[in-house]
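Got a structure for you, questions after.
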Amino acid sequence: MFQNAKINEKIAFSLLRMAMGLVVLFVLVILYYIISNGYSVISLEFLTSMPAKRMTAGGIYPALVGTIYLIIGSMAFALPMGILAAVYLNEYAKPGKVTWLIEMAISNLAGTPSVVFGLFGLAMFVKYLGFGPSVLAASLTLALLILPVIIRASQEALITVPREYREASLALGVTKWQTIRRVVLPAAIPGMVTGAILSVGRVAGETAPILLTGAAYFLPRLPESAFSQFMALPYHLFVLATAGTNIAQTRPIQYGTALVLLIIVLGVNLFAIAIRNHYRKKMHR
Amino acid sequence: MFKRNGMEKGIESLLFISAVAAVLALFLLCIFLFRDGILLFRDYPLSSFLTEKSWYPTSINPRFGLLPLLLGSVIVTVGAIVFAVPLGIAAAIYISELASPRVADILKPFTEILAGIPSVVFGFFGLVVLVPYIQDAFDLRTGQIALTGSIILGIMALPTIISISEDAISSVPRSIKEGSLALGSTKWQTIHKVTVPAALSGISAAVMLGIGRAIGETMTVMMVTGNTAIIPGFPSGLFEPVRTMTATIALEMGEVPQGSDHFHALFAIGSVLFITTFIINIVAGHIKTRYKFKL
Amino acid sequence: MSDEFTNGTEIEVRGLNLWYGTNHALHDISIDIPKNSVTAFIGPSGCGKSTFLRCLNRMNDLIPGCRIEGKVNISSQDIYNKDVDVVDLRKKVGMVFQKPNPFPMSIHDNVAYGPRIHGAAKKEIGGIVEYALRSGALWDEVSGRLSTSALDLSGGQQQRLCIARTLAVKPEVILFDEPCSSLDPISTSKIEDLILELKKQYTIVIVTHNMQQAARISDHTAFFLLGDLIEFGRTEQIFESPQKKETEDYITGRFG
């Protein structure tokens, strides 16, 4: 009987190990395909030249710039909003109906499919507010999409600030807001930065929302203003891979674009993880 | 003193407004989504939308049947969940119970990377690698079928399932596990008779959110499932091209005249999608808070 | 009793009751705490001594569901009056906590934190910091490294830094909530010496679960049990001839 239990355990643990191994394998295989096929395509020229010959040659410059615009635009809205909301929820909100409603709204925004955000952006920003398909409309749509991510990350950062800091400051006759500004926020900044950076990755990679709010199939120029249409890396990849003029011929460009996208997103993620670990060590000293 | 209090109050109000903006955003989202969705039913009966078996949005007598798209989403999602749930939970158990802290620290970034890869890159990978592979392996006319979508979606849902399950499993108090081990149970018996049941609510929430993630995914399914709007058989439908609700919106929105029935039909689909994920989120949140392990 | 309070009364509490939700945690406490002396609160854990201490600078306001009735006068001002600004009150009534809680900043910035926020001029700050660190008996140990992180100090040094930080705000009363409970004996005795030094200028109230400590440093002692103030008097009297049986039981180690 005991022998049986031992054998069962061996089998079970092997299965668990295999499951974990499979997950790791997925990651490695995907990275391998994109990197091994993409790295020879990437060059400074690829990054800085316009697409040429009906997108069958040339670079990805306008798509890269468009994605950077989207990152800046959406962060400019979502970051201050998200941090302020998190400070309210963590430091001021008292348990009750209003707080419940806010928390519920955040969780549901976080779980809403990105294509639904796209529909909303189309109906509200593009049509109702008359921004047209534009950098602005897409940035606002993406800002709403990442708002819950930023709020949650900021809340988590605030929770890790020891209660003792707050008490010590308040006991010195310092007001609540000054305590937050001088003690709580400085201690929480690394965590908030991590969250913000992670959502940069999200903005860079989202396709469905911008598809509905202003991403262009092809533009021979950079966006001139916030009200211009734009190209963006993820949509560019989608277009080339599914609807380009010559799908097979542009495969190298597709791999190159996918790799650039991957580098941005994962680079940003690694950077965030590095910051987090750096400060975690510092805190635990 | 009054000046200071005024300032403190002012700041609190500003912060409150920022937080309420989330509620406002959700509210506006519902309004704009439903408003354009409901307009469909001026010209097209709701009952047909719900029961009509075909989606012919551009024919002279257009038919806007939700069913093929809804079932397309369902079959792809079910396929994804069937393999992602056991795999994800097993990986979560491995990370939290078997792996040494050092190994766990190495493994966790893998799930984070997986979570970070953009869906369009998953779709691209599926299209250029998995689709031809599936086509050969099953000797099919095309590899762009529901199963391909399920596999990629499953992989995409893994990080959600793993990280939330792992949180739930790690938060089971050590004393409970030790109690079991002290009775002479093996580590595995402890895991599957004590630890996992104790973490079951968290794990269920993880599964729910994984389903939410899979059902709402757009680019990936659009790129690998073939996008044919017919009601899929089950399980034979897994090997046929299908079209999901999300893919329909993304594919067709670019070409519809704004304000047309077709335009409103896409918003109606979006509303269905939103309501579905809304319910999933509410249930997942409820499970999580209601049965949270009290330490 | 008036002859016992040669320095006059600093804190006057009348009929104070406190509830956490429905839990009635403090029952009808009345006490007069004299100026420029050390008053110790003793009692077994859970007796309400720390809770009562936190009523004196209204730190309990931070706890949701906490309700207080009764009167607390500090320097003849009712601190629970609607017109009282809790921020001003806490400037006047400083607090040192159980666990040293320096901010994750430099030693200098920790001490300068309060004065800066309260609007001290830039050129005054250096003087205030030195004064506070000297009064906190820490100056000689840290004067050469004021810009290093306060988190690098030892536990005892951190606690004295917290005291110095409190002194920099120039309070009239300092509340100590078991300030030595996480410190080694040498650090403890340094803090005790410091408290004896500080009582010349400040009114000090200290919560301690260490009866010897109360006996060593306090002028008056209050004994709490299960939310009641059982007995209050001169420290020698409490320890040598307690009037109540509960006090005697506690002092002689029969429970707690």
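Order of writing sets the labels: A, B and C. Residues in every chain begin at 1.
Basically, contacts are C-beta pairs under 8 Å (C-beta built on N, C-alpha and C of every residue); 3 or more make two chains touch, one makes a residue touch a chain.
This is a predicted model, so every value here is computed, not measured.
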Chain pair with more C-beta contacts, A-B versus A-C: A-B
Centroid comparison with subunit C (C-alpha atoms), farthest chain: B
Most central chain, Cα average position: A
Inter-centroid spacing, subunit C versus subunit B (mean Cα positions, whole Å): 54
Whole-Å gap between the CA centroids of subunit A and subunit C: 48
Whole-Å gap between the CA centroids of subunit A and subunit B: 17
Contacts with 2+ other chains: residues of subunit B: 4
In subunit A, residues with contacts to at least two other chains: 175
Multi-chain contact sites of subunit C, meaning residues that touch two or more partners: 87-88
Subunit A-touching residues of subunit C, taken from the complex the two chains share: 57, 59, 62, 64, 87-92, 94-95, 97, 99, 101-104, 113-114, 117-118, 151, 162, 165-166, 169
Footprint of subunit C on subunit A - complex, ascending: 94-95, 162, 164-165, 167-175, 178, 182-183, 186-187, 283, 285
Contact footprint of subunit B on subunit A as seen in their complex: 5-6, 8-9, 12-13, 15-17, 19-20, 22-24, 26-27, 30-31, 33-34, 80-81, 84-85, 87-89, 91-93, 98, 101-102, 104-120, 122-124, 127-128, 144, 147-148, 151, 175-177, 198, 201, 204-208, 211-212, 234-235, 237-238, 241-242, 251, 254, 258, 261-262, 265-266, 269, 273
Footprint of subunit A on subunit B - complex, ascending: 4, 7-8, 11-12, 14-16, 18-23, 25-29, 32-33, 35-36, 86-88, 90-91, 93-95, 98-99, 107, 109-114, 116-125, 127-129, 155, 158, 162, 185-189, 191-192, 209, 212, 215-219, 222-223, 246, 249-250, 253-254, 258, 266-267, 270, 273-274, 277-278, 280-282, 284-285
